[in-house]
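Labels A, B and C are assigned to the chains in the order they are written; within every chain, residues are numbered from 1.
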Amino acid sequence: MTDEYVPVIAEITDNRMETPPGDRSIRTLRVQKDGHAPFAHKSGQCAMLSSFGKGESMISIACPPNGEYLEFSILLQGAVTTSLQYLEKGEKIALRGPHGNNFPVDEWKGKRILVTGGGIGIAPLRSVYGYVLQHREQFAGLDIFYGARSSADLVYKREFDEIMKSGKASVHLSIDRAEPGWNHFVGFVAANLSRVAPSPQNAIAVTCGPPIHIKVTLEKLKALGFADEQIYTTLERKMKCGFGKCGRCNIGNIYTCTKGPVFSYAQIKKMMPEGMPDR
Amino acid sequence: MSVIRITADTMEQALREMGDVRVLVPSGAGRKGTYVELGPDKKLPRECGDHTKPSSPPKGIVFPNNERLLSYSLGVKGEISVKGADHSQKMTILYGTPPCDTASFRALDAALLKDIPEPGYARKRDNFGVVGMACGRQGRWCLCTSVGLSPRSTEGADIMVFPDGGDILVQRLTGKLDRLWKILEAGAKTVSDHELSSVAHKYDFKVENFAFTAEKLAGALEKGFESPYWKEFSERCVSCGICTFLCPTCHCFDIIDVPADELSGRRVRTWDTCQFPEFTGETSAHNPRKEKSTRQRQRVLHKFLYHYQNHGHMMCTGCGRCIRYCPVDINIAEGVMKLGGVK
Amino acid sequence: MRDYRAETSALRQLCAGLLEKGTVDVVVAWTEGEDFPRVREMAIWKDRADLVQTITWSPFCTTSTVTYLKKNKAALAGKKIAVVVKDCDFQALNVLLQEYFVKRENMVIIGARCDGLAEADMFPRPQGPDTAMTSDAEGVHLGNESRRWEDFGFTCCLTCSYDHMKPDHTVGEYGRKKSKTEWKHLSRILAQGPEERREHYSAIFEACIRCYACREVCPVCACVECAIDPGERAITPRTPPADKANAPSWASRERHISENAVYLTTRAMHMAGRCVRCGWCERACPVGLPLMDILDLTNDAVGRIYGYETGKDPSAAPFLVSYAESDPDDKGAHQ
């Protein structure tokens, strides 16, 4: 019997800076075990990353399944994330997973996928739009809305440049406050979404970000005519065990570490009210 | 045959003869009570009731407050070596708990073994059996009959005993303790259904401290999620967690790294409580249960609604400890009844 | 013979008047619970002045209204408060006043003169809500049932010497002479040799489940962030990651004899000059730890070696931040 608590040991094969060092530092770690992903996963799932001596942190897997590697974009928060950001290429990392449920991307083939990410919320969404880009011809379209506090806080900047150039998706970037040299939208992601007003026709909307972002985005999507079943998001809670036993991540009778964090808005409405974003 | 009549002394003798098995019995009532090993200094209890209940529930026997999960060792160049813990425990029999404590294992099994079993509990539970005893005396705060149990309920028991004078009727319920059963069975008198019924009837007394049926109120509790009553209910709460630490079915836990030095240490599992403010507090400082009314609501609904929705039985076993030992007299039964519109 | 029904009646009248006249916005007092004679604290606001008729005062008021003040600081901030306190609670209030945790202005202190506390659960129940509650020098009487003060085993009540509180109003007269009696539980321990003492305290540390109830119920354990609890850090969304990452962990939450020992002894040290010997921690402890065996080591040292009287003078400097020339140096302190 495998012991759920014992992590697998893998290697850091890349640690790249996404945003400048400082209190809002984000770095992306690439993790491999003997040249492969340490375990298979589906878009939307997470892993518990260990920093021995400090603890564990549940981090979304920020890439679609590819067999080769896992990637995690880590926002500096406290003890665990600080020490994870310091890991160098060649050093080892201990992790457990995959945890949770996944975005049902296979069911979405043939549809237009609309992704809206606020801040670090773009990380789990990368596993969704990454999958869509891998199988682009099987989807009707891909729109990515992404914003952060400032241009320095935007992640995956070079990737977005490439995606925009490839024409495989329309990318709508935004920052909260105007900056010299910034030629895209200024304002919240949800406001940009309202402005562009994508059609809900044959579309699925996926949104992630801080609770307030999710709340406002949900309102805007409903205003645009998206049905509850067409809207997906992630509900995060503090997690420790990751397999539905320690009792802390529940919303009503549902443990978000096993039956979540991915939920459709239709599901959220049926859950206990404490599941509503930004409660 | 699944029910026999033996003397209490015969049972004691059989348990003492089991050699490599640890037999634990409740010893002492209230705050100084605990579970001790049957031995030269400790006799087998001949009766049980609220008056013999330790303040501590028996969950700690298979779900200790401190369980090692793994040991780790780091190299100076970033190498990691991890050793998972064994989790195993000597074969243990718990003898003489009343139904509220015996049934706690039904709830704990449902919560901790379903889908992905919790390794520490699962390993110990394999090697653990319960001889439950019918309860002879209710206490001021008991509510077993409100939660689908009774002073003679056999839920959670592998073997059930019904004291009858100097004798006990012994009922085999599962095969877990068949090693013990075979010893007891040899040469014992079989008991008819009628005799069992008549002896067990002594334990059919009414437990009516709080007149409600939990299952009937589940719907009202669900609808009452946003009720302003939660604030009133929790106003004097000091978030000490006593209600959850002493609850036989509460099992929320924390995972903590304990460094021995910069390069090695252990990761342990300890009890935690949904009542502590930081239970759901994230490192970002976002806390969905910052208000203590939301935390008390979580406790009550977990016990009387969520677990019931997931597993079909009430998580509360009606032992009354949370009511009795709450330092500020918060009463979960009162809360459930008020929200459920009873009384 | 003290008649708590009569004292309760007088108290209710007093509180009703304070609310009616607008002298206070809220009364914090003990009220009758659903399980007489158990009590519950409540904050009675002007709009529910009818609840004044549920206020009660008796030896069964085993909780601390000062703990209620500490726990509900935000809701009571800036309001005019009347608080009913017994002698030890009054001392605790003085400690909080010394530390500017509460403000004296906007506070009306009603002192209920206390002869000691009783354990409700030692009396048969249920009891009718109009059952007589009385006490005398020997013990407490609830209807026809009597128990002696010693029967309850409340360490602090049996060795209480508080009889000098100076509140704004008083309720009741002392019916029992309280004087400084020997803390026998402590002398017994101090008379033991080091090995026996080690065994005694190790058993306490081992049994502790670190529920932190002792800290939560304590009227003076009011720190927003408990120094020895790594699980309780006052963070906001603005707290820099480095502060969160580098926060010290003096005693991890692992329930282990060594961490438990650090918690229990450090709390006792932090209570120097603050612990008013109300005894609620010991009464509340779910596993029956004799916590006064630890706290009274500090209380004894504070009184005997430094001659400091905890909670006596609300305008005095707190013990741990004051220094007197007469304080013994290290050589003299280890008695």
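In the analysis below, a contact is a pair of C-beta atoms (placed from the backbone, for glycine too) under 8 Å apart; a residue touches a chain by one contact, two chains touch by 3 or more.
Model, not experiment: these values are computed from the prediction.
Of all chain pairs, the one joined by the greatest number of contacting C-beta pairs is A-B. Closest to the protein's overall CA centre, chain by chain, comes B.
Here the CA centre of chain A is 39 Å from the CA centre of chain B. Distance between chain B and chain C, defined via averaged C-alpha coordinates, is recorded as 32 Å.
Chain A and chain C have Cα centroids lying 49 Å from one another. In chain C, 244 are the positions where the chain touches two or more neighbouring chains simultaneously. The set of chain A residues touching two or more other chains comprises 77-78, 81.
The residues of chain B that reach two or more other chains are 254, 256, 281, 283-284, 286, listed in rising order. Every residue of chain C that touches chain A in the complex is listed here, in rising order: 240-242, 244-247. Listing the residues of chain A that touch chain B in their complex gives 1, 3-7, 9, 52-57, 77-78, 80-81, 87-88, 90-94, 210-211, 236-238, 240-241, 243-248, 250, 252-253, 258, 272-274, 279. Per the touch definition, chain C reaches chain B in the complex via residues 33-35, 38-43, 63, 67-68, 71-72, 121, 125-126, 209, 211-213, 216-217, 231-233, 235-237, 239, 244, 252-256, 280, 283-288. Residue ranges of chain B in contact with chain C, taken from their complex: 30-32, 55-56, 65-66, 140, 235-236, 238-242, 245-246, 254, 256, 258, 268, 270-271, 273, 276-278, 281, 283-286, 324-325, 327-329, 331, 334.
By the touch criterion stated above, chain A contacts chain C in their complex at residues 23, 76-79, 81-83.
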